[in-house]
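Residue numbering begins at 1 within each chain, and the chains themselves are lettered A, B, C and D in the order written.
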Amino acid sequence: MAEAVHTGRRRMSFAALSQALRKALWRTPFMVATAGSVLAVAVIWVLFPAIAPHDADLIDGSRSLIGPDSGHWLGTDQLGRDVFSRVIDGARTGLLGPLILAAATTAASTVIALVAGYLGGRVDAMTGRIIEVLYSVPPTIVAIVVVGVTGGGWWTAIVVLLVFGLPANVRLARAAVIVRARLPYVEAARTSGLSGVRIIGCHLLPAITPFVVAVFFLTFTYGIVDLSALSFLGLGVPPGAADWGRMIAENRSNLFQNAWATVAPAIALVLIAVSTNIIGDWIYSRYESHGRSR
Amino acid sequence: MLLVVSFALFSLIYLAPGGADQALAGPYASAEQREAIRQLYRLDDQLLTQYLHYLRSLLVLDFGDSFLTREPVMVSLARAAGVTVPLMLTAWSVAMAGGAALGVMSALRRGGRVDRFVSTTVVIGASTPLFATAIILTWLLGIEAGWFPTMGSGDGGLDTARHLVLPALAMIVVLLAAATRVTRSAVLEVLDEEHVTFARSRGVSPGRVLWDDVLRNAAVPLVTQAGGMLIALAGGLVVVESVFGLDGIGTLLTSAIAARDVPMIQAVALTIAAAIVAINFIVDLAVFGLDPRVRKGAWGRG
Amino acid sequence: ACTGGAGQSADLTVIKMLTPTLSSVLDPRQSSGPASGALLIALEPLLRYKGGELTPLLASAMEVPEPTSYVFTIRTGVTFWDGKPFTAEDAAFSIGLHVGDDSGSVNASLFSLVTAVEVTAKDRVTITLSEPDPQFAAGVAQIGMVSKAFYGEHGDKVGTADVLNLGTGPYKFKSFRPARELVYEPAAGYWGQGDAHFTSLTLSVVTDEAARLNALQSGEYDGMFGVPLPQVDSVAALKSLRLSSSPDLSVYKFNLNVATKPWDDIHLRRAFQLAVNREAIIKGALRGKAVLAPTIVPETTMAELAGEDATAAAFAALGDGIRFDLDTARAELAKSSVPGGLQTEVLVTGSDPTLALVVQTAAQDLSKIGIDLKVREVDDQTYYASVYFGRKTGGVSIDLFSGSTPDASNLPTYIISGGNALTGGGSGTNISDYVNTRVDALLGESRLLGVDDPARGAKLLEALETAQTDVPYVPIAFPEVYMAARQGLDVSTLDTFWWLTMWPETLAGA
Amino acid sequence: MSPMSMTIGSAQPALAVEGLTVHGPRGGRTVPIVDDIALRIAPGEAVAVVGESGSGKSVTARAVIGLLPPGLRGDGSVRVGGTSLADLSAQQLRDLRGSRMAMVMQDPFTTLNPLHRVRDIICATLRDAGGRRLSRANRRQEAVRRLAEVGIVDPAVADAYPFELSGGMRQRVGIAAAIAEEPLLLIADEPTTALDVTTQAEILALLNRLRTSRQMALLLITHDLRVAASVCDRVYVMYAGQVLEELSASRLLREARHPYTAKLTTADPPLDRRVETLPSIGGSVPSTGSRPIGCRFEPRCSWSTSACATHAIELTEFEPGHRVRCTRAGERLDLAHAEDLVAAPPVRPASGEAIIRVIKASRRYGHKLAVNAVDLEVFAGESVGIVGESGSGKTSIARMMIGLEPVTSGSVEVAGVDLAASKITRADWRRVRSTVQMAFQDPSSTLNPARSVGGTVREVLRASDVADPRARAEELLEMVGLDAAYARRRPRQLSGGERQRVAIARALARDPRVLLCDEVVSALDLSVQAHVLNLLNSLRRSLGISLVFITHDLAVVRQIADRVYVMKSGHVIEHGATEDVLTNPQHPYTRSLIDSVPGFVV
């Protein structure tokens, strides 16, 4: 009996899942689908850098700055490195940095918001105070100052962007949590004696999950934009790394020789940023309309 | 907050490799020469001593002279602000006005073609890094079309205005996107409110409904966010000024950092911090003026 | 920037030029090298560098009664822009500004041997050195003369945008934005013959490379001194501009610090040297706009002093010793204390992007023998602090060292003399902290000789050869220096020491 | 041309709606929301539209005034005072609004523009002789006059902002604004739902007064049958987008002919006595898009025939002025009416030790004392009601009893544990948790949407170390009248009443001795409310647990509470046996509360 119920449930949930998936795909706007495919391509680049036609770091002075041809689809840069391969290789830093940033920001802000929002009282007030102070500080300026002075580089930039980007996210997440911490089902969970960890993990977290996912994507977008701006200013990744921001900066004065060396990474950068933004926005708006109708 | 910022900066520079002595003495300087300069600027004092000394001079509103240019930092700051402030304010106000207009337009045509077009463009605008926008604009309008100078801040007056067109435009593109977004969602939210329907049910003319009921209510969140956007714009300042070779606050900051010009870094950072405080205050004031609920609440408390 | 008119070159009287660097203060103490080019047309020096020679300017004559004594006769009839006469007092004051450790002058190293600056007669200034210095006169040509009274009046505000400075030159300062832009106007009643050619002259610095290129292309500027190598091709592509090039007295080199483990090991240094593919670097990173460097002094500079034949022979020998040869490099490495190779970090500064390109290219070949170079970009201050002033590197560093005077001994004195090793208490320009008594002896002897004595050249050559065997440096290339200007402006004769000359005259084609 | 110039004979109805249909999107399709509605209101007549939530009342009202929300489309003919709206230009339609018809909405807290002063809101549409907006002084004067008309005599109110006013005042301002141009027809969409009972009575009285004094037709939308019966002349009963019955108000409670109407009236708990069980209607309202083809009430109807399910039913005249959409309207069905219900046995007074003892407990929020020195006791097995106007502190006291809200002063003892103590041990908390549990008001958020029903209950069981959570969970669901199969459902697959039942099951999972119910039925439709009330009563009987039942509805409290506490501004002003308090109130406030209930006479 128990067996039958079990399998029955599984089959049902599978059917429900596939149906939900089909429905979701069907209803997905064209833009979001496009954005998704762009991201997918980028992820493939990150996972399989070997698909690049050349070694992205292979320097060959005799082939410097040639235009696109059959060997080098997007030509070469100043040191004769293959631009196309570098754009592919650039996906790693291009996505990894924002990914780390977004993951860390999302995780940290969610945890802080959940704990502060759930506990309320003095903890929450303290968090709120700190956040208010940090909130009005523009992270990029701080990153420029700190990285500029310490010469810290990429990781420092990420940490600074994380610390100073956090308040905005904590603020949003905290607002979401506080609303939900007052929901009857959460209060019911409290009064029925569930542990705080369980309430936070099983009731509050799922309630703000779409929100968290949206924040993740949006932070990701800002991560791309901010980190590439720092790289562009020479404050991010070390020279020589195939990073889109840096490639743009390095090749910008060679526009006349091989424009693709600048344009290709710029296109990649903008496409990825736009894609994550579209997806984040989409999730967020769905979440928001859900929130409203509820 | 200003104190925190200033102290944090002080320690940061104190701990950073290299110092003003190097910048002043040049790469061929001997240890003795650098030592002499360190003595002169008291760079070898304890962090706290230096800081207290600095604070003391701040108290009498003396921000000191720049190590590098020997000018009072306030003079350099004022010169840089002469470029940055008009740039920021123009970009910001144009973007706010345009964003508000676009946002209202697309909100009123929710789901329509205009809305979808605006929303899409806005996403692209918002997620294109500022430097990329700047480069594209330089290339299109500066070089290909040759309409505007791509570099420098001009010789004052109309010429400066011409020089600021492209940098302002670059900032506008990014900010406009954000402003449009905020306006759109604010207006949508207000449109869903009952009092809008109520006003319409009483035959109030659409223009009045739009103005009195929709826009005035949507203005509150917009104004609240407008300050934040102006602040966020400061982050892009360094990039824009660098791409367009402008001698504004951002450039001043980076060059001061490069030379470890402590008084200058402090002055710039404090100015930015003070500007942020001021912006937030103005926003609060504006919201105070706009929203009687806030106003009355404040009266009740005070 | 053209004032219009018939479109002839003679009508170019308002020009704006880009320059690599401007100082933050209009004070000779705060500018050296190309930055001084902005000062020396307004704050004239005692001696003017012209056509490779030093000619009298504010000094009507220079005598060297003994190698440690220089006597300058001050020209009469020279007036400052305010009409006051230029006196020996002013000259002594101007030189004195740079003497001493506490002078705060970036040019102090040029005057480090000075023991006294005295006004020995109404129109006479005598300078006493502690030891002979063949480059001293060239140093004097690098510093502008200022007014003692003006300095007394304005104190440390001299040179700021508000106060500017007072000089004797045909161009006077009109407005100044620190480190950014300097505008000159003709000085009324110039003491010398011939008025300023340009009615308005502007020098600007644009740090962003692309912005610079855009500005050149849009015609906002009329030319540029010292086009950075990576940009040369782009500038060359601009139809409106003409480019000229000349050899530079500067050298890209790896510094292998002999006092830092494991680089104290000659085998390791040799292995490193053999594994650097300098041709590849020149072709790629330097865009072919540089000459292979067998040692740290360019052949032309050396040849002027030591003679063509002797120099050519010596350079050929030097060049043979440092061929790119990976197999030999491997063999050397095997003999070293780190036969398996090593990994180390090389700092580069963002203000010269070429450095990073050079290291990256070198790293590709070095990695083949197991020496793994990681590039880290830092800002100028960190770079100087680590490379020049302290030895906070893993032992390997890279720099572009530029001569401060045209003399052939300039580079060797800074780079390989033990006195400039940090370990010897020197300024640290001997980045490898290389101390070799033989080399020091040779350099010392060369100083005692006459400025144009070919024997001096021979001693320098020998010093270079001796130092080479110890591989403290791996010379890579001598970059060329490029000037660009629109038609009608003549940059063809401006060389790497353009800033020591009366360059506006050259530009005007006078 | 202005509609003002049209002449309207008194013979013309104030409102005549024919064949009104509104379509809207649902799940990607366009479905009808309301179907073929016909309404007719004579000048000066008051007509009610009643029906449960989602039946299409608001959509109908919006369609009449021509302000459907975006995405909805209406067809059919609407004539106001003889003018067909379809013939009008947008400008003319706008002129008609406010001057010929106006609307008052449900929530007085959101219908007024928060940024405008009362005088500007009221006078927004008024013009002087020259067609210009009134000057500020004129606006103020005019506003004061009109406020007086709706019973606000304080002239300062004209200069106030809406947020400075109480709910009742705001609704009056809303009415004053709506009738500023003396319309022929006033549509009031649940104008009192958000208000206190006492205020509600005043507003209804005001509307009635205005209607007679101005000969203004009133279309009153409500779900409160008693309001409809007491205030209006005629009633339309709506269900699932259709009018099921149209009859005179006097017949509504006693002589309804449609089984749905009849059931609804019996499900409405009587105020004057306590009944054994309240009749309820099984099933739930079909959602738009999945309505039956035949009679829409057929699935829930106990008199349905096979034909009911397959054929659409016409609205037919049963008697003059009484139309019914039912095939069996003419037959004599054994339709029960309110009088026929069996009275409940008298209450036995509770005895023994108090489980919860609240002594001089207060709760302060900032400057506001929400609960002020309240004494309250709950004994084993009894049912305690707490009634009072909105904001009187009912919820706060309940939350204090379960430890969700700290006690500012006084003490709250639960099973011997003082919740006001600064430190409470884990064991003590455990004891408190297994003594009291709570069910909340809002059915839509009372369950975690991400968890299945079974999961929700089992989670609590696991936390209290029950041996076989799965079996016990099914047992609990059955106890609240839900099939074990419900365990697998998600909250969104449940109706409001079902959710409330699951919430009760979850509360019972800890085997509490006291169950706190904070307005558990106020958001539910009448038919479902009866279910939940019956459930609670039967649980009390079978399990012997005590109930603390918070409500503002006196009729409900009568059905469920043995003793009742009446609260006002944080104080308990009266308490005693329900029977005594309701029939013989001692405190004037209690009396006014009772008097405010429409149609109820002590």
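Just so it is clear, a residue touches a chain if its C-beta (ideal position, glycine included) is under 8 Å from a C-beta of that chain, and two chains touch if they have at least 3 such contacts.
In UniProt terms, the chains line up like this: A, B = ABC transporter permease; D = ABC transporter ATP-binding protein.
Remember, it's a predicted structure, so these values are computed and weren't measured experimentally.
Considering every other chain in turn, the ones in contact with both subunit C and subunit D prove to be A, B. For the pairs B-C and A-B, the larger set of C-beta contacts lies at B-C. Distance between subunit B and subunit C, defined via averaged C-alpha coordinates, is recorded as 39 Å. Separating the CA-averaged centres of subunit A and subunit B is a span of 24 Å. Each chain gets one centre point, the mean of its Cα atoms, and the points for subunit B and subunit D are 51 Å apart. In terms of their C-alpha centroids, the spacing between subunit A and subunit D amounts to 46 Å. Counting only residues that touch two or more partner chains, subunit A has 148-149, 151, 252, 255.
For subunit C, the set of residues that touch two or more other chains comprises 210, 212, 378-379, 382.
In subunit D, no residue reaches two or more other chains under the touch definition. Chain pairs recorded as touching, per the definition above, are A-B, A-C, A-D, B-C, B-D. Residues 28, 402-404, 429-430, 433-434, 436-442, 444-451, 456, 459-460, 463-464, 488, 503, 506-507, 509-510 of subunit D touch subunit A in their complex.
Partner subunit A is touched in their complex by these residues of subunit C: 209-210, 212-213, 230-231, 233-234, 237, 279-285, 287, 348, 350, 353, 356-357, 359-361, 364, 374-379, 382.
Looking at the complex, you find that subunit D touches subunit B at residues 62, 65, 67, 70, 94-99, 102-103, 105, 107, 110-116, 124-125, 161, 163-164, 174, 177-178, 180-181.
Here subunit A touches subunit D in the complex through residues 9, 12, 27, 183-195, 198, 202-203, 206-207, 294, going by the rule given at the top.
Interface residues of subunit A facing subunit C in the complex, by the touch rule stated above, are 57-62, 64-65, 78-80, 148-149, 151, 153, 234, 238-240, 250, 252-257.
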